[in-house]
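Two complexes follow with chain A in common, the first pairing it with chain B and the second with chain C.
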Partner chain A sequence: MNSTLIEKHVTPISSNWPTWFAAEQKTALTDYEQSPTPTRRHESWRFANLKPLDLSAFVDAQPVSSEGRLINASSGLGEFSAKMVFGNNALLHRSAQSLPDGVIFESLESAAANHAELFRKYFMARPTDLGSSKFTALHKARVSTGVFLYVPANTTVTLPIEIFHWAEGNNASIFPHTLLICGENSSVTVMDYFKSADKLTALACGVNDLHLEKGSRLTYIAVQDWSSTTTAFHINSTNVDANAKCTALIANFGGGFVRGESLSRLIGEGSRSEMYSINPVEGTREIDQRTLQDHIAPHATSDLLYLNALDDRSRTIFAGLIKVEPGAQGTDAYQKVRNLILSDDADPNSMPGLEILNDEVRCSHGATNGPVSEDELFYMQARGIDRDKARRLVVNGFFNSLLERIEDAAVRTHLSGLLAKRLSVD
Partner chain B sequence: MSLNIQNLHANIGEREILKGLNLEIPKGQIHAIMGKNGSGKSTLAKVMAGHPDYEVTAGEVTLDGLNLFEMAEPDERARAGLFVAFQYPMEIPGVTIANFIRAALQARLPKGEELDAVEYYELLYKKMELLKIPRNFTSRAVNEGFSGGEKKRCEVLQMAMLNPVYCVLDETDSGLDIDALKIVSEGVNAMRSPERGMLVITHYQRLLDYIVPDVVHVMVDGRIVLSGDKSLALKLEANGYDWVEKEALQQA
Partner chain C sequence: METKPDLNIDRSIGDFHYDVDYEFDAGIGLSERTVDYIADVKKDPDWIRDFRKDALRKFESMPMPTHWASHDLDNIIFENIRYYLSQGTQPKRSWDDVPEDVKRTFERLGIPEQERKFLAGVEAQFDSEAAYSNIKAAVGDQGVIFVGSTEGLQKHPEIFRKWFGKVIPTGDNKFSALNSAVFSGGSFIYIPPGVKVKHPLQAYFRINAENFGQFERTLIIADEGSEVMYMEGCTAPKFETSTLHSAVVELVALKGAKIQYVTVQNWSANVFNLVTKRGIAHEEAEIKWIDCNIGSRLTMKYPGVIMKGRKARGEVVSIALASDGQHQDTGAKMIHAADDTTSNIVSKSISIGSGRSTYRGLVQVGRHLKGCKNNTECDALLINTESRTDTYPAITVRGKENACQHEASVSKISAEQIFYMQQRGISEGAAMSLAVNGFVNDLVQQFPMEYSVELKRLIDLEMEGSVG
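And then the complex of A and B:
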């Protein structure tokens, strides 16, 4: 029999965690059970649809039916340096073709045992806390594996690392985790794919921790492509030290209800965080994103650009805050959400925000809503392209303009291809 | 076989712009329409293309006998063989020229048939060479950040790729310096064919030195008021439009 997700007696079936972490998981489960379920009275859940927060239907994910099928289907870039494939909370495959010496790329639970000091220092060390602490507690209580990547100082991983997380089975619940630590002056690109093996409803409750030490470079791309009825929480915490640069792009292609939270903490002078997201939504899907650009150190830059294209009766919620702490003089911070409205019934909600505790800063924020330009449609139709295809091309173009900000040409081309496929314009 | 415009009346809002325009361009010929700003030249091009801002109140346009106005959507007209090179082409952010033209060609294929990518790029590069367009252009977004001249070349490139039966070029010479004008004209001349009719709209005679028309028409206040051979263009260049307008008034 399947066990329901939150039955108290449930302890992870085959826990490979060290005992000290298993104890922390028990505490986390208690936290989850004792935290109140959010209501709309909470500012951080304003406008949100709360029905999906009832998780009582979800059950423990069973082992996947065919590991080989999922491993074969886990193909992304033509060239990559290493890969991990997870299915229903188990590591199915790990390969490392070309990782430089000293790079640690292993499952989270083995890293907790083999690299306990690093693990303890970084694993969920900086809570995001933008409303979903109840669900991050659930994540911690139930996480059974995930990615641990440590790139030592002065090390460049040339080709991207690819990670696949699969969900399979009706009402399966999975808890993906990606922990990335970039040592001083290191450089790496990571592609994190989230996919459904079937069209069934699942629960995904994932966390990614990105830690950039001084002078490091990280490009982190999350391609979320869950089934269109899946409930997903994706909680991100990014910490950027002096002169380091993080470029993070979240593409939400799937999911029925997706709650995303992203925190960027600019903790070192001259650090830079780029926070990008592209969200094509249709049907009755809802993408709810909350962000915080926390400027702690001086002369740091953050640049947030979220693009939503809403069709049918879909909904998006964006609530973002730029917070400039007292010591963060010389801050340069941008925050922009653009909604392309494809239907009269679509419902975009934007709440950009600023909280500035230092006068010597440059900040801008804003939100725009606009329809597809009739002139653009006419021009494309005048070339023989039918209206529906023209519309999809315009949406594709809208998102592609953001993909141009991804430096790695192979990654950019790959993403562009995935996007074209998603929008049926390829 | 012709592009035949009969008694065409068209409005924008309440205002009538085309007031009974008649014009026939047989296949194999190039006709030019000249006229002052505001005479309705660009309206004619947009009405034929099917721009939603204009309302046709009377008359008809046929392409080799096919009634253009029975095709409600602009894309049907384009696939039927009409191409309009616009005076002010739209920018389409994020859509590359290569993908745009590919989508337009794909739209002309039967359902289920795929455009051959290798052949497509071969043809595209060949046409680009003719128009002296550098190859890196293909990965630029359509018209975005283009100079006036680049936009016009891009229009002619699309025309060359889509192989239309009837072409309407609206002020394709505006914004071009003399070198660009020559290149664009060569591109247009390369498309001269017994199987194709062309209508060139301009208010400068200069373009007609390079694209030599079979017939020149003068448009005043929404009608063609005078037609003649290419010498008419020279006469207009020398004497202006006032005398044509006077003659038109006298005839009316």
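And then the complex of A and C:
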């Protein structure tokens, strides 16, 4: 299968890459070809729809038709410290308004050349396998550019950094990559946008790796808004060292089939990882999310909250696991998935799991399914809001309850605006 | 039964042994010959013989479910297992061979002298014919059928055949296939319409020792508007020589019927206990599984209810206690297949020492159903640092007029609680026992009284030596 994706590009597109990387890509391609295609017998693919895993229709992405149009359309927050725009696996634009000294904000390939040691230490260096190792190998084999951000110790980047990844053209395949390294006691906020330039079907196979060293703070927001027929894999790995805090929010506004895997490893004492996701789904769209909160160090905290609102014939799968390793005493871990059911044909699947190998823990998880409250709808209808809008307002409120957990007010307001637009309640 | 128990065995003989009497021993290992042998000895009708052979083929073709279950399953060597032993050939041993700790447990639990010998395997059967006859006579007048599965299929084929293997198909899982190939023992119960059986029916009182067999098969049918409570097992550790137990239990509750199925099991630490239990609840019927699992090396048991009729109700109440080296992998399955069906799962587990307890759950509500509700609560208590607990629920609730909630928590006994009790002169061990008993108390209350008393004593016993 996937002949088109395999035959071309055993060498990276960009000649800027160092030669050793070509060898790694070749190995990754072999890994991809030789790994078996997942079946539902694998626990990590239970309930999954396997049809989208046939990638044979996808082809190489061509250079985008108009760089200017995409760059101009890449606007997020009013104020930001730096920005990168990618279109079909090429860096289209990079600007840095107010980055503190020492911050490295470069394309992946130039970081591989200019900061080889850092690059090799962090680039896809951690295991991420929550089922998609085959697609992680595909990503590694085909990645040609991406973001490399290094914030040195004791450095605060005040305004958010914004990154845009565009897909354009029928059956184009793109491989977005975001690598963030937060040095000790540093602080940064990153907005990662994934967008389609048209309504055509694309393949996105993305990896983002977040590394938080001691005492650092990272807010990472991914706003995924691919076309409604795009197949997307988003594989995330987060490593949080002592007393560091990561807040990660994934908003899945688009995509036809989205497989998301998020692995948070709490490797230092007193670390904290917040994992949030909001997923409005309708039509026949499908969001398949697998998560792992891996407590390795003692006295760490993790808090996961995933919200799904399902309409029409949409599907969601949430399979989460809290794993408390033997040495992780004093763990405080939470995990919750809430499904708001808007249609009789919607298909929500929840598998919230726990594996506790230590007795000094506080752990709980929960999963709820429920409809929109008739009382709430009646209240709004009595005030002249039609039933359909009332329902969308309830969904908006449901998701906003999570957005309140984002500390940065500008980011929060911006997300709330994007959400309102997505739900047509603005 | 065909065989007469041999009561004249010389109990002074030490080591247990198998009588080399091939009429009643299927030998070791599993093949079509074994299945034919069992069918011959039990004088099975042809359809049962075919059913067994079909099951054997399924068993052989199905892989071990180790892609999700414990890899300890790979340590079961099917070739080394004896699949059928009739009563006359049960292993014999003398009271002196029974390990001291088992005797001590009997003492502490207050098990009557006569029952101790039976439980320890010293006597081939428990002399409770009188008690059994009384119950049988009492319910027999109401038209209740309460017999062994072999007698059931031979004497009541019109009811038996209609439901046998329908709730749990042969190929449901590898171990239900195994049971279907070699089953013997277990109960067949039929409650006629409108009959409410006052006394719980107890497998314990059935004189057929096969009931505690390795591959028992139980089928209970409660006809319209009837009610029955069935109890199996007991709190005393059953001293076992066979290491694989794989039972299949099927319940059918017709319109408006109620079945409660109570299990209290305390297996010895070498036993693999792999059980498939499921019930079908028709309109307004109710099936409740009350399950307590203690002991064994690995228990895998997920009682289920298929709510097939409107307003049917399913419930699972379960307590699992995993001590050193033990793995209790238990849970529940609730399949909602009609409107206004409700289900409730309450599971509490305690892991002691290196014990591991696992909850696995499945909740499904089909499309286009209305008014279905599920509530699931799982609480785990960890006693020692190396204790382990896992929770793996899978929830698929479709339809916008249905609701479900799942909650789980993991905790340990708080040091404050223990300190408080120690201050009042209670030893640390006793304080731990009290705390654990408090943790499961609301569930223990749902067990029949004599069981709940013994359960409390048993928890005390298991908690001993877990402190310090």
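Keep in mind that, in the parts below, the second predicted complex is superposed on the first by the 415 of 426 C-alpha atoms of A that agree within 3 Å, B and C clash if a C-alpha of one lies under 4 Å from a C-alpha of the other, contacts with A are read in each partner's own complex, and residues count from 1 in each chain.
Keep in mind that, in the parts below, a contact is a pair of C-beta atoms (placed from the backbone, for glycine too) under 8 Å apart; a residue touches a chain by one contact, two chains touch by 3 or more.
The structure presented is a predicted model; accordingly, all values stated were derived computationally and were not measured.
Engineer: Identify the partner contact of A:N400: answer first if only chain B is touched, second if only chain C is, both if each is, neither if none is.
Structural biologist: The answer is first: A:N400 touches chain B but not chain C.
Engineer: Quick one: chain B or chain C, who's touching more of chain A?
Structural biologist: C
Engineer: Between chain B (first) and chain C (second), which does A:H42 come into contact with in this model arrangement: first, second, both, or neither?
Structural biologist: The second partner, chain C, only.
Engineer: Classify the contacts of A:I356 with the two partner chains as first (chain B alone), second (chain C alone), both, or neither.
Structural biologist: After superposition on chain A, A:I356 lies in contact with chain C alone.
Engineer: Taking the superposition on A as described, I'd like to know which of chain B and chain C A:K51 touches: first, second, both or neither.
Structural biologist: Neither partner.
Engineer: Where on chain A do the contacts from chain B and from chain C line up?
Structural biologist: Common to the two interfaces on chain A: nothing.
Engineer: Sort out for me which residues of chain A touch chain B in the complex.
Structural biologist: Per the touch definition, chain A meets chain B at residues 373-376, 378-387, 389-390, 393-394, 396-401, 404, 425.
Engineer: With touch defined as at the start, can you tell me which chain C residues reach chain A in the complex?
Structural biologist: My answer: residues 67-68, 367-368, 380, 382-412.
Engineer: Considering the complex alone, what residue numbers of chain A touch chain C?
Structural biologist: 41-43, 46-47, 326, 329, 339, 341-372
Engineer: Provide the residue numbers of chain B that touch chain A in the complex, in ascending order.
Structural biologist: 49-52, 73-75, 77-79, 84, 86, 89-95, 99-101, 103-104, 107-108, 141, 158, 162
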